[in-house]
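Got a structure here, written out as structure tokens. Questions coming.
To keep things simple, chains are lettered A, B, C and D as they appear, and every chain counts its residues starting from 1.
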Amino acid sequence: MKLKFALFFALSAAFGASAQADKPVDAPGGKFAKDAEQMFRSSFRTDNSKYWMARLDQDETMKTCGLYRDNPPRKLGEKLEKLNAATIRYPVEGKLIGDWKEGEKLAAVGTGGHIGFIQPDPAGKLRGGNCYACHQLAKQEVAYGTIGPSLQHFGKIRGNSEEIIKYAYDKIYNSNAFTACTNMPRFGLHSWLTPEQITHIVAFLIDPESPVNKD
Amino acid sequence: MGNPMKIRAANKDGVTEVKVLVSHEMETGQRKDAAGAIVPAWFITELVAKHGDKVVLSSEFGPSVSKNPYLAFKFKGGAKGEKITVSWKDNKGDSRSDEATIG
Amino acid sequence: MIQRLLKTLVGVATIAAFAGSVLAQDSKVADELAKYREALADGNPADLLEVKGEGLWSEKRGPKQASLEQCDLGLGPGKLEGAYAQLPKYFKDTGKVMDVESRLVHCMVTLQGFKQEQVTRQWFSKPGQDSDIEALVTFIGAKSNGKPINVPASHPEEAKMAKMGEYIFYRRSGPQDFSCAICHGQEGKRIRLQDLGNLTTKDGAGTAMKTWPSYRVSQGAVWTMQRRLIDCMRQARWPEPNYLADSIIALETYLQKNATGTVMETPGIKR
Amino acid sequence: MNNQRRTVLKSGSGAALLGMLAAAGIITPGMALADWNKAAFDAKSMADTLKALGAGSPADSKDVQVTGPDIAENGAVVPVGVASSLPNISMVAILIEKNPNALAATFVLPEGTEANVQTRVKMGQTSNIYALVKSDGKFFMATKEIKVTLGGCGG
């Protein structure tokens, strides 16, 4: 389905029949979108802190993705991809591949960053990458999700060239630099993971000793 | 006293199958509350099932039996209309008995 | 452009190749999970709560010492059979689209004389602290078991709520860029081992909606739809919505509309 | 399947109601309840638990089965059962090797009660589950690994 859309937009753009419009014909919420935004914003408890409420703010990528149900026209998509690529920052040391054992831990952790009053995470709780929620990685972990593609044998298949290492780092840092409106979070952009933590996950994916590649 | 149990008992070919669902917290004594304090252990320690006056199962539980315990077992005998009684008591001294009719 | 297209195609081919190699292992895992779920189905602790809710429904309570037996959940006073399956809907007396929980609270306030803050203080249970609302909703839900979900959203106010729910469904924000759609907008995906379902389709929304309220073994409690959706927002790392907030009712209306026609199987039991 | 279950519940609800009516303390608790085996439930390791149960080192037996899924979707509720074709079984126990205290439950089976008991247990992590039975005064054991998986959104 998604591929079909991509094809459609790619082809129509290639033939110069611009698919770009200011608004899609079937934007979610239709004529009530504005009302819905207001209602959504006013639906939260008044004792949520300002800092928490700021999490509802949307950048251009989020807004556009919502408007187009995560399938923006190609031209808009490319614009967002450029915008997101420009946000990528690298660790001070410059080394993009870290410790796969640390990465293995981060890949399994799905907690951290929960707010609110019912089940918030305690301060300082480790924020993981939660990679297994969506991806298959090490063979021995059977409880993996399928929202994203399987990354088993990631390094074994792609090798450990500098390009691959940089690609993995960039993708985790800001997934939208490659595919606008992908389901994957922008871990680096939001400082969900530090650049160092990202290098550990890169190692988990690429290091030949990592269970992603070894088994 | 706790909430009522759900007891089902059915006889088939001379064997009565009993299924019991008990309403109980079954706190392990190892869980921490939101403030970080240990929640004291609170769990059923003993559960006995009787067919009329005859004990058909007598069990002891530790805190690793799941919350709202479930139990299923079978015994020879029992007839439609006869009574099954299940009683439990917990480590705080609370207890409860419920009965059901074999169907 | 062409290069990009090729990249996508190669990507898809690689994924397909992987899918084949893990299929055998996956189907074994799926079989064992099915076994697990089946073993839980016979003996659902939600049944204990349903009995409790039945008692609460007919018990004279509150300042007015009245039962809830005259509560109108949309099919007329006291008519419970199938009532849950046709909510949320527009109510003339309040001029609002209400879900089962907001309507139940409305009844507790108007019929029994409770203050809203009082009855909603314990809107969900905690270990050792029961929730009357949870028990009542389990009981009301069970009265729709076997009935088809029917929320056509034909009243203009209902249609508007469904549309606003759709807006929220696709709205992305927060430190993980989440919306409902990223996990629940595609076919055949799962998170960890849990099937997600495409909530924009009848099948997906139906599978999801028909089993609520549901006993969650990971929580040791029955969750109502309000609890389910408020927790989705927690998982999205958003701030906490008000209980009975319009945004939650809007999402429910959108999802029930999509699920319309699906036969209810409630109370459910799940991870 | 769910609807089927509901039918069962409905037809059995008369019995449940009876249970409720009879509930209010008509039958006094404590009768026939044996003393809780504190030593066995407090024991940590498998070996200590078996010792406290007076089982020593039981022989493995193919005639004892631990039933349950290979994979649990959540560790808080794991359905497990014990079944055995050995003669004269008077006691059955369920042990979870990697739990803080291995012993989960014991069942004394009077004559006429089948060696076929099912319950649900908590598991902190993937572990071997052991079924212990006492047949003709001797102890036998069987084991099965149940994998406990992380699930859902992850937190």
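Everything below uses one rule, namely that a contact is a pair of C-beta atoms (placed from the backbone, for glycine too) under 8 Å apart; a residue touches a chain by one contact, two chains touch by 3 or more.
For each chain, UniProt lists the protein as follows: A = Monoheme cytochrome SoxX (Sulfur oxidation); D = Thiosulfate-binding protein SoxY.
Remember, it's a predicted structure, so these values are computed and weren't measured experimentally.
Asker: Suppose every chain is reduced to the average of its Cα atoms; which one is closest to the average of all protein Cα atoms?
Answerer: Looking at where each chain's C-alpha mean falls, the closest to the middle is C.
Asker: Using the touch rule from the top, work out which pair, B-C or A-C, shares more C-beta pairs.
Answerer: The greater number of contacts lies at A-C.
Asker: How big is the gap, in whole Å, between where the Cα atoms of subunit A centre and where those of subunit B centre?
Answerer: Going by mean C-alpha positions, subunit A sits 48 Å from subunit B.
Asker: Just curious, how far off is subunit D from subunit C if you go by their C-alpha centres, in Å?
Answerer: 33
Asker: If you average the CA atoms of subunit A and of subunit C, how many Å lie between those two points?
Answerer: Between these chains, centre-to-centre, one finds 26 Å.
Asker: Find every residue in subunit D that makes contact with two or more other chains and list them.
Answerer: 8, 16, 20, 71, 76-79, 120, 149-151, 153-155
Asker: Can you tell me which residues of subunit C touch two or more of the remaining chains?
Answerer: Counting only residues that touch two or more other chains, subunit C contributes 29, 42, 44, 47, 51, 191-193, 217, 220, 235.
Asker: Can you list the subunit B residues in contact with two or more other chains?
Answerer: Within subunit B, the residues that touch at least two other chains are 4-6, 66-67, 70, 72.
Asker: Identify every two-chain combination in which the chains touch.
Answerer: Here the touching chain pairs work out to A-C, A-D, B-C, B-D, C-D.
Asker: State the interface residues of subunit C toward subunit A in the complex, per the touch definition above.
Answerer: Per the stated touch rule, the residues are 1-2, 4-5, 8-9, 11-12, 14-15, 18-19, 22, 25, 29, 124, 160, 163-164, 166-179, 181-183, 185-193, 196, 230-231, 233-235, 237-242, 245-248, 250.
Asker: Would you tell me which residues of subunit B are touching subunit C in their complex?
Answerer: Residue list for subunit B touching subunit C: 3-6, 19, 21, 23, 25, 27, 31, 39, 42, 66-68, 70, 72.
Asker: Using the touch rule from the top, collect the residues of subunit C that touch subunit D in their complex.
Answerer: 28-29, 32-33, 35-42, 44, 47, 51, 145-146, 191-194, 211, 217-218, 220, 235, 263, 265, 268, 271
Asker: Which residues, counting only subunit A, touch subunit D once they are in their complex?
Answerer: My answer: residues 108-112, 114, 121, 128, 130, 132-133, 142-143.
Asker: Touching subunit B in the complex: which residues of subunit D?
Answerer: 8, 11-12, 14-16, 18-20, 22-34, 36-37, 41, 76-79, 81, 96, 99-101, 103-110, 112-114, 116-123
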